[in-house]
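Structure, as structure tokens:
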Amino acid sequence: MWEEQLKIIIDRIKNGELSQDAALKSIKNALSGHLGFAEIDLARAVRTGFPEVVFCLNKTDEEVLKITEMLYKHNKHVLLTRVRESAAKLLKKSFPDLVYHEKSRAVTIGEPDAETGLVSVVTAGTSDIPIGEEAAVTARMMGARIRTYWDIGIAGIHRLFSKIEPLKESHVIVAVAGMDGALPGVIAGLVECPVIAVPTSIGYGTGAGGYAALMTMLNSCAPGVSVVNIDNGFGAGYTAALINKRGSAH
Amino acid sequence: MWEEQLKIIIDRIKNGELSQDAALKSIKNALSGHLGFAEIDLARAVRTGFPEVVFCLNKTDEEVLKITEMLYKHNKHVLLTRVRESAAKLLKKSFPDLVYHEKSRAVTIGEPDAETGLVSVVTAGTSDIPIGEEAAVTARMMGARIRTYWDIGIAGIHRLFSKIEPLKESHVIVAVAGMDGALPGVIAGLVECPVIAVPTSIGYGTGAGGYAALMTMLNSCAPGVSVVNIDNGFGAGYTAALINKRGSAH
Amino acid sequence: MWEEQLKIIIDRIKNGELSQDAALKSIKNALSGHLGFAEIDLARAVRTGFPEVVFCLNKTDEEVLKITEMLYKHNKHVLLTRVRESAAKLLKKSFPDLVYHEKSRAVTIGEPDAETGLVSVVTAGTSDIPIGEEAAVTARMMGARIRTYWDIGIAGIHRLFSKIEPLKESHVIVAVAGMDGALPGVIAGLVECPVIAVPTSIGYGTGAGGYAALMTMLNSCAPGVSVVNIDNGFGAGYTAALINKRGSAH
Amino acid sequence: MWEEQLKIIIDRIKNGELSQDAALKSIKNALSGHLGFAEIDLARAVRTGFPEVVFCLNKTDEEVLKITEMLYKHNKHVLLTRVRESAAKLLKKSFPDLVYHEKSRAVTIGEPDAETGLVSVVTAGTSDIPIGEEAAVTARMMGARIRTYWDIGIAGIHRLFSKIEPLKESHVIVAVAGMDGALPGVIAGLVECPVIAVPTSIGYGTGAGGYAALMTMLNSCAPGVSVVNIDNGFGAGYTAALINKRGSAH
Amino acid sequence: MWEEQLKIIIDRIKNGELSQDAALKSIKNALSGHLGFAEIDLARAVRTGFPEVVFCLNKTDEEVLKITEMLYKHNKHVLLTRVRESAAKLLKKSFPDLVYHEKSRAVTIGEPDAETGLVSVVTAGTSDIPIGEEAAVTARMMGARIRTYWDIGIAGIHRLFSKIEPLKESHVIVAVAGMDGALPGVIAGLVECPVIAVPTSIGYGTGAGGYAALMTMLNSCAPGVSVVNIDNGFGAGYTAALINKRGSAH
Amino acid sequence: MWEEQLKIIIDRIKNGELSQDAALKSIKNALSGHLGFAEIDLARAVRTGFPEVVFCLNKTDEEVLKITEMLYKHNKHVLLTRVRESAAKLLKKSFPDLVYHEKSRAVTIGEPDAETGLVSVVTAGTSDIPIGEEAAVTARMMGARIRTYWDIGIAGIHRLFSKIEPLKESHVIVAVAGMDGALPGVIAGLVECPVIAVPTSIGYGTGAGGYAALMTMLNSCAPGVSVVNIDNGFGAGYTAALINKRGSAH
Amino acid sequence: MWEEQLKIIIDRIKNGELSQDAALKSIKNALSGHLGFAEIDLARAVRTGFPEVVFCLNKTDEEVLKITEMLYKHNKHVLLTRVRESAAKLLKKSFPDLVYHEKSRAVTIGEPDAETGLVSVVTAGTSDIPIGEEAAVTARMMGARIRTYWDIGIAGIHRLFSKIEPLKESHVIVAVAGMDGALPGVIAGLVECPVIAVPTSIGYGTGAGGYAALMTMLNSCAPGVSVVNIDNGFGAGYTAALINKRGSAH
Amino acid sequence: MWEEQLKIIIDRIKNGELSQDAALKSIKNALSGHLGFAEIDLARAVRTGFPEVVFCLNKTDEEVLKITEMLYKHNKHVLLTRVRESAAKLLKKSFPDLVYHEKSRAVTIGEPDAETGLVSVVTAGTSDIPIGEEAAVTARMMGARIRTYWDIGIAGIHRLFSKIEPLKESHVIVAVAGMDGALPGVIAGLVECPVIAVPTSIGYGTGAGGYAALMTMLNSCAPGVSVVNIDNGFGAGYTAALINKRGSAH
């Protein structure tokens, strides 16, 4: 849109409708008004098939509804994260086809255009599943084919080993773990694709809050691991989908 | 090599040379001896074009030399990081063609087979260049085409904006920053590829050690950012190369 | 009042009513009694037009009421921060004209004498608005003209850019942000007035509590940024009003 | 310069020298090339009388010299902070009139155009003087009239009280303190202008690194205090000069 | 089981039922399938007399029930930790003989085969008893003879001294303490067996969360102390039982 | 009692009732039994006039009652801290004369034998009063004469100055402060007696939990300040009473 | 001196030499000039027998000499802490009778007037002796009788127990400890006088810097412990001398 | 020795040589003099075969020599840790048979009486070997049979797997790791004996100092892991030897 605005201004300059000063001001306004940037943003969503995403943690049910309605006009599908059950119920009235992903409290409206590549999402324990599910739902809505492996942490390392072969087929792996956070590093030592590590706040004592897991992941001996914020399943799924898209686009 | 060992065992079983017990023990030994696993590792290096990498920080010059000699037998090219100047000089005698990358103190022997895709490495300041160079050298040795943009931090945000168009062509961006660490998040809000953020220990006061930059990066408002350890240029370059390979392999 | 006390003592010395010892003791008492300082304080409030401010977080509704009644006798307007809804209702009975600012839970009684200069208050996200509103209400009650810009964080950096021109007219800018806290630094790189940065406790994982945002702000690459405590909208508004007053007084 | 570039483009459009496409590209280039932004920056320095500033901590003596030579072409005066003695000596050959401020290791070339308003810089102890001097030199080079008060911390609170009256004349006060960091808060309770607090890394035990002082300052009971990074005398002086300018410009 | 699988494969090779390629794949599958490892785990539980343990903190009552039912099929006794009262009541219906240990909220089903050796569990205060009880219940279910000494912290050091002689008979001591966490170090200076130290989150101010106690224990001047996570009574009891078993097995 | 036990053993040796071995064992038992130490403790309480103190935070109402009943048999007065209202009501039935100190939630039974010396307890703000009251009640029950000064923090430093003269009469001062925690240091610079500093968890942002105040106090520029745990009014009052006793006993 | 100034002013008022206005100004000046306060400080030193103390860590040898010369004019004895050997040698030329305390690097000039009361200084290990000596030298110069007990930490708790009886005679005990920092708490449980705890930065791993010891001391289960900054032997000795003076003055 | 002292006292009582009072005092002295306790300590060393150990980090070469000479009189073998090379050379003159363990800088004099049981010491990387060697030397001097496995961290997890079978024969395993610290947890999931985890300060960025490794180990998902201080190879070896002794004594 911004280009369109500039083209109009150029035409008006050509037509002598704008003095040098007025033209200067118009071009500046096109930059300042910045509707152009916003439209580019909307265009990007349509073009890439990535949904707009709403982080609902600090929003009222009504605010969530309004934003969703606005987004739905411009997007074929919408992703909402951290949705309270009451908000999900309110949305349900306007969007009867929405899916409420109970563990992660994510809401999806519409389906992704395609599911390509392969993003595997693994969790170390059952308590990490909500974050894992958030990553999986996010990546899928952004067009990734998804496989999930819950509860394959290193306390019973054989659980992991039995999954290594299928894991090796992934374009990218999201590995979610709390407590000692050792799972992503062990996986990265066994596969050849990038691993996105997600520390979770599961745990108690020194493990509470997820800092122990975060530290472990940042210090992974095996290269190929990069890390997102504690409990940030959305961010991991988003990055994984970007990587997956690269590997799948050709 | 491990497969070869197994094939020989299988043949010997077929030929009746091994009793059930002896066969069981031989297979176990093939696993336990673990020369097999090591060879698989070597095979992987040859197959993927990824060099073996030596982290030299806590090794004597002589240890560095010995490991390099061993690796060079099995690999066409070798990457060494955090190499003291004295070690580089010692290596130079045995490997006259090595390149010593002065800022990052990385040493490379041999050239990558190909340079495909595009990994862009940017730094916020001039002090971040050693880490940026480590990332660039690593990713290049792993087969990535590299572009570097030094000193384009947000204090003079126009420096960044003039590079946005070429940055958008990247398969993945490595963004290196100390102090406020805001650069990767700003970039991620402007491009569509994954951004690997590397905090650096540059800074003073609360910025010393790189924790402030790390925290900023983990909390990036813009999605698509994942983070590696402070000053871990190697890890960022390695992960970037993995992602780049995905996007370039087809 | 302290001066008055001293004048009376001086007269009594002159009149021979006080021996050297008694005079010495009287002067010391005038210092110790320190009613003088308190009166100066009250005088200052009247003179500067700054309201007395009550921080209500740990006070009972009754205590809030009593303090407000006492202050209202000496001041034309009163500002109360962090007021529970129940306290606001209790106050309403005695001060029917009070305004309860719902997001920030601030209460104002009376209007500022004038609105001069320009303090702009911006927030990165919608969750930062309560703190932003506290800053805006505080600065306005202290005589500043106010403009507010909510939700213009750097994740969608165009939202900020469209506001840069009006922001440049400010005498001082209060920039409120949680999570990566990058907004104040980006703004400071684009304007010429001082920026007061307020980290907010919005966020999760490593962003919880606002420390990540605080660290980012203290390490801002762009000069001109100074920082107040996490969630301290009042302090930011107060400092902004002091700066604004300097720039507007002539 | 950017405006000049745009004006030329506009004229060329008017003259029919540029097609719509070519015009679009030219305007984009003017933005992308970003010489425009840089020139605006230079223009700002000339217009505001603020020198360009070089932070020399991680730069070689030669790099410092080159940057200084470049800056000196466009600016009447230059400020360099954290300059090693060897670098200062090297600079001295090219800039015989430079002043080396020994405690703060700042270098100034040229004099400010004017000294207006009043920025007072105080330190709690003698160990805080290097940071205080950096703030004072910075603010002066940016056009502020300066008064300094060293070693007036609260351990001997009478030292402070004897300076309160002259301090009250300040447009803004920079208060530098290590250890308990209580000085800025005590001052803010006694004056009516904004106080910029600078924690210093002076101290030992829990005071080492300056975090204790930082925490104290962020939690100051007296409003009107804002804080910069530990040991950031430059940042405090810069912000103080911005505030001072506001109050002095009319 | 894994050995059994390998034996069958060997027989089939011998019998000519598997070609070299097929044999190679079968052996690999036996490794990848990893049912073998899982079965070994179950076997180990039966053989060692160690119960399978369920950490119930983040599981629903129904999940706890299902897991317990599954485990009970393969084990003579089951240990569950951090069991909500509601879950304990639900379990009671299916396992009427279970014991609910009220302070620690542990549930035990069945009795240990034997009680050998001696594990002494001591707590510094009464508030530490829940964690102490968890350690004691765990170690007993794993076959250890148990003695417990509650509330013998060093504030009244005579309470400890009167217990030193019986404590000296222990194979291993679990010492549980919050606040200053000094008890394990004092004990280790007086006995000759290993001491497992458990910090508890009891305390307030700097003692809240148990970090002060953890730090004290890790820095114990007396050797022979090793430490587990804050509040990890289960881990301490488990390790103590392993040590006790070593000393009692002969 | 322990001496009595030893005397009996000595007599029995003298009387030939104990062989060398039996005597050796008896003496050892006297040490191990350690009832002696406990009785000394009780004796000390009676002798010094210090009450036994019960910290009730983690005890049930019934436990509090039982302990109180036991202590009351051996002591003329009892102090209980952090008593829930329900526990206070339960105690009231058995001890109708008890006093429930509402702000600090302390309970006292009986009166101190004497009130000597002078312990002054000051708080910076009104929110610090519960901790201040706990200190005051504790010190008074241990025989100290008490003066309290609430809400004289340094934000309005004149409030403090008007109290300096009476404060100077103290044997020891307990200074309670949250947020910036600067009050004890300012007082210590003005008086000649020891100051016990108590940080409180009052505050928000970086001040939450009381760590900022603790750091300030530990780094006090003025000597004569020692510090107790955050919110530990009891500990401060106890130490103050010990110091006061020293100064008052002659 | 301040009183003298005031007396002169009073006389001049009496004599009619000063108008009301002039008198007011003169009294204010007497306060502002603050030579008065400084002199009071000097008077206090003479009266209390407390030496002026110079903290030399960040001062040049010449600065140390100048300050010492100035102080020596007004004081019978001087205490300097953290004195480099070179500074001690320089001082030796002007003050041939000074004593250089080698372990603590304290310098004393002159002897205390008297040694009364009893301050015992104990250290847990030999590495803590420098801090212990600093405390002992400080308290002695302030008039305390001193006993020292080095290396009686709890790892060999019998070393402590053999010293308990003489320790009980102390008016106050300074207990210095690094690593687990448990010594002060154990002592406080055995004596009836106040204990000043000094954490030391001795230690490694989690003990490095002294934070573990600090935490232990702040959380001491035994009441009667108050704490000073890590390595602050001077502060502990100073506070101990204040307490000792109280108990010895009568 | 203490028993001997007591026996003599008993005999003297029997012989009427000691009055009740004198006897009481003598017994007390035997306790207070505490030569008794020290002798018991020496006796324990002889009896258990555990050498006295000297931690030399903060001791001069001469102090190390004197202590060693004293210990050598009472012990057949001596262990010294963290010995500077200069101290080792000095010792060599008096103890020509000593062994200087170069990596760990430990010194041993004499040989253990026996080597029983099995303590395995493993390190994740080559940089961890100094700490591993310290553990191995310590445990061996205390009578343990030792096996060491250097550089078998999880980055190349096959290196570990090839050692699992021999590791399973251990009575206890000491697992030393820096960076992500994941090795001990992985091992504990595969063996049945206790694992003592030692974090090392190897690493950079967030891994510097060893806190990341410590956190990982404390939060190990696999039970059976207990932890010692960062870099505390001695403590781990000591605890391992205590455990090993239990399992080997019968």
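Each chain carries a letter (A, B, C, D, E, F, G and H) given by its place in the written order, and its residues are counted from 1.
Definition applied: a residue touches a chain if its C-beta (ideal position, glycine included) is under 8 Å from a C-beta of that chain, and two chains touch if they have at least 3 such contacts.
As the structure is a prediction and not an experimental result, all values here were calculated from the model.
Asks: Quick check on the contact network: minimum steps from subunit B to subunit E?
Replies: The fewest steps needed to get from subunit B to subunit E is 1.
Asks: Would you pick out the chains that touch subunit A and also touch subunit E?
Replies: Touching subunit A as well as subunit E, we find B, H.
Asks: Please identify which chain has its centre, taken as the mean of its CA atoms, farthest from the centre of subunit B.
Replies: Between subunit B and every other chain, the largest centroid distance is to F.
Asks: Could you tell me which pair, B-H or A-B, is linked by more C-beta pairs in contact?
Replies: By number of C-beta pairs in contact, A-B is the larger.
Asks: Please tell me the distance, in whole Å, between the geometric centres of subunit B and subunit D computed from their C-alpha atoms.
Replies: 39
Asks: Taking the mean of the C-alpha atoms as each chain's centre, how many Å separate subunit F from subunit G?
Replies: Going by mean C-alpha positions, subunit F sits 25 Å from subunit G.
Asks: How big is the gap, in whole Å, between where the Cα atoms of subunit A centre and where those of subunit F centre?
Replies: Comparing mean C-alpha positions, subunit F is 55 Å from subunit A.
Asks: Residues of subunit E that contact two or more other chains, please.
Replies: 31, 156-157, 205-207, 211, 214, 218-219, 229-230
Asks: Per the touch rule above, enumerate the chain pairs that touch, sorted by label.
Replies: So, checking each combination of chains, I get A-B, A-C, A-D, A-E, A-H, B-C, B-D, B-E, B-H, C-D, C-F, C-G, D-F, D-G, E-F, E-G, E-H, F-G, F-H, G-H as the touching pairs.
Asks: In the complex of these two chains, what residues of subunit E are touching subunit F?
Replies: Residue list for subunit E touching subunit F: 126-127, 156-159, 161-162, 164-165, 202, 204-208.
Asks: If we count contacts the way the header does, which residues on subunit H are in touch with subunit A in the complex?
Replies: 124-125, 153-157, 179-182, 185-186, 189-190, 203, 205-207, 211-213, 215-222
Asks: Taking the complex as given, what residues does subunit F use to touch subunit G?
Replies: Subunit F residues touching subunit G: 44, 48, 53, 171-172, 192-194, 196, 214, 218-219, 223-230, 234-236, 238-239, 242-244, 246-247, 249-250.
Asks: Can you list the residues on subunit B that touch subunit H in the complex?
Replies: Residue list for subunit B touching subunit H: 31-34, 37-38, 40-41, 57-59, 63, 199, 201, 209-211, 214, 229-232.
Asks: Quick check: in the complex, which residue numbers of subunit F touch subunit H?
Replies: 3, 6-7, 10-11, 13-14, 16, 20, 23-24, 27, 31
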